[in-house]
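Before anything else, here is the set of structures, which you'll find just below.
Here chain A shows up in two complexes: once beside chain B, once beside chain C.
What follows is the complex of A and B.
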């Protein structure tokens, strides 16, 4: 869901507007009980996705997962209630997700994160520290590839010892090494005088 | 002031590393079990570990960071999913459940499990805690969410969740054993 390369008309709209529209649309979709209208809206949502020239390759895996779940929902709902209401429910969810994809694929990660921070900014009054939140988010992103590497390394090492199928033999070293990385990083931050506490008081 | 700052930065780093662990566990290819293609990933193992090792507040924040990053668009969830559709879809409740699940696991570890004297007592109470928080609480959000969003009744929605139960029970056992082992060597982790 990376929208960095998208330059369509949707990408030019402010993130807050798209987010708000999606929210209103999602609520509105629950008020519609006719599958014909929902089908029209679904086609509309697909057209919007296509017109925004989003990178459709990114949608393949999420769509496969979503369609599988919706397939199961459709069959069980159809057996339990009527096939008509099953169709309504599945079309509604699919339409909602299509609109959500349209927003996510045309809004950069930075813009979305900034929007979330604005939405969450009242939390500042109950003691949340924006500098700490930014540090936490950026460190988490930075640590992801490192931890993936550590995870694969540990698994390989335990495989060589014949312990590849022992979840404990993989999880304990993974946790210990993660804690060590955290300690080293915290020490490095402190040694360089990193200080994100609020001094305004 | 200096010591308060020190521990605050340190806490943030711990929160971030466990958030990254949850995310990294979702990047490992999922295993498909049986005929019904239920993606089994280790991601909830990360959620459970964050609560059990970091305690309620920091554990909850780790899960929250992953949810925020995924909703903002990073493809961090199992199968490369991310974006706002994840929350609006039928399984959005499980994602919200992570946040509260790690909170409950953390609270139970802090105030119950780590007060047990014997190793066996800790492992048993730890396993109960992880099952309550990591399975009970997460399903408590996930099952009604699926029911509300799709129109299925609660029973059918719950049957859908049962497919995940064997995998989640294994993860709960692993979490309890790992957490008790690690807390033995890192005594100050939650104080």
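What follows is the complex of A and C.
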């Protein structure tokens, strides 16, 4: 999920502070064994989320999926252990996710990438380049939907030719078109002033 | 806006054993320049010479006196490029971040980037797209975002490689209006001959040479006659 423009107090906090707090909170939640305390924290996380004025529509589908998964976890844990410990586990996960949503939905993608570059900066010592890795990360997020679209187009075209069940007939054009996209994107990066040599310094 | 002169001197471009452009000498000073020609004639290669995406095999290309083979970085700041398929040109997942991408590459601060992005989006009347995820944009919106990303860099020349190929009539007309209003020089490679009617100069490229160079009506006539042969 990518954060839309958010001007709340939470959006104004530095990304490093928010993600650091999220990390500490997530570890802290594992030290709490009382469902009553976890319930209070869950309510708190929801209040934080609401006070941060995030786009709740963006959360609808992920929340439905999350609640479904947690439902399955609750039942299977309840059967295997006790219903009390199942409730604790589910509340813990749900609270953690609500805090995570509050952080990710109030942090711009750009700020996340910058934080990633800072956190990954020690990797320079082993020859890796955090700036290039973060660009790769953003390109992956950007182009996954694009590749899905290409896949659907190729599948539709092969279906029209009666080759829908032939994996090779779908894979070959998909790979060729993906390579073409990669080539075009590399050219666009160059045209837009991205200098990989400079970013490797 | 003072426009930099673009000079091509005896430019030949070959890829492996294939010569794509042969001995082209041109000086471009006009504000609106069109390039037309058949598929594979060398139009795209010619356009890519102008912002150093392609370096000549022999001869020189100069933009504002700077040679593209030696000053690619500087020239790319002054000559923007809008590709045929904007989807492949948009690099970041969010529109505003994508427009800021090039600005970050040239070292603008976060505050400067934000101001420039907002200003550009407003100029093109697409401020409502700022927070949209790039893959959710329509073809017309993608083309406008690609143009915004280039305009934010404030180049003095913008090269468009078949910009209307993927647009419906409404978006094509909107794009034509935007091009007409640009203070920058626009060099447009296209098969859409109507787009060039008000241009200052049109080049017809045939088999790697500039076959005709003149007023739009004459160039289009020449190209139509050639196409009928």
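Just so we're on the same page, the second predicted complex is superposed on the first by the 156 of 201 C-alpha atoms of A that agree within 3 Å, B and C clash if a C-alpha of one lies under 4 Å from a C-alpha of the other, contacts with A are read in each partner's own complex, and residues count from 1 in each chain.
In the analysis below, a residue touches a chain if its C-beta (ideal position, glycine included) is under 8 Å from a C-beta of that chain, and two chains touch if they have at least 3 such contacts.
Computed from a prediction, not measured in an experiment: that's the story for all the values here.
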Touching partner for A:181 - first (chain B), second (chain C), both, neither: both
Which of chain B and chain C A:13 touches, first, second, both or neither: neither
Chain B versus chain C as contact partner of A:146, first or second or both or neither: both
Chain B or chain C, by number of chain A residues touched: B
Partner chain(s) touched by A:191 [first = chain B, second = chain C, both, neither]: second
Partner chain(s) touched by A:157 [first = chain B, second = chain C, both, neither]: neither
Partner chain in contact with A:97 - chain B first, chain C second, else both or neither: first
Chain B versus chain C as contact partner of A:76, first or second or both or neither: first
Doubly contacted chain A residues - partners chain C and chain B: 2, 108-109, 139, 141-142, 146, 181, 185, 189-190, 194-195
Complex contact set, residues of chain C against chain A: 51, 53, 73, 76-77, 80-81, 83, 85, 87-94, 96-97, 100-102, 105-106, 130-131, 133-135, 149-150, 153
Interfacial residue positions of chain A with respect to chain B in the complex: 1-3, 19, 22, 26, 58, 61-62, 64-66, 68-70, 72-73, 76-77, 80-81, 85, 89-90, 93, 96-97, 100-101, 103-105, 107-109, 112-113, 116, 129, 132, 135-137, 139-144, 146-148, 151, 167-168, 171-172, 174-176, 178-179, 181-182, 185-186, 189-190, 194-197
Residues of chain B defined as touching chain A within the complex: 1, 4-6, 8-10, 12-21, 23-25, 27-28, 36-37, 39, 45, 49, 53, 61, 65-66, 68-69, 71-76, 79-85, 88-91, 149-153, 156, 160, 170, 174, 177-178, 181-182, 185-186, 189
Partner chain C, residues of chain A touching it in the complex: 2, 4-5, 108-110, 138-139, 141-142, 145-146, 149, 181, 184-185, 187-195
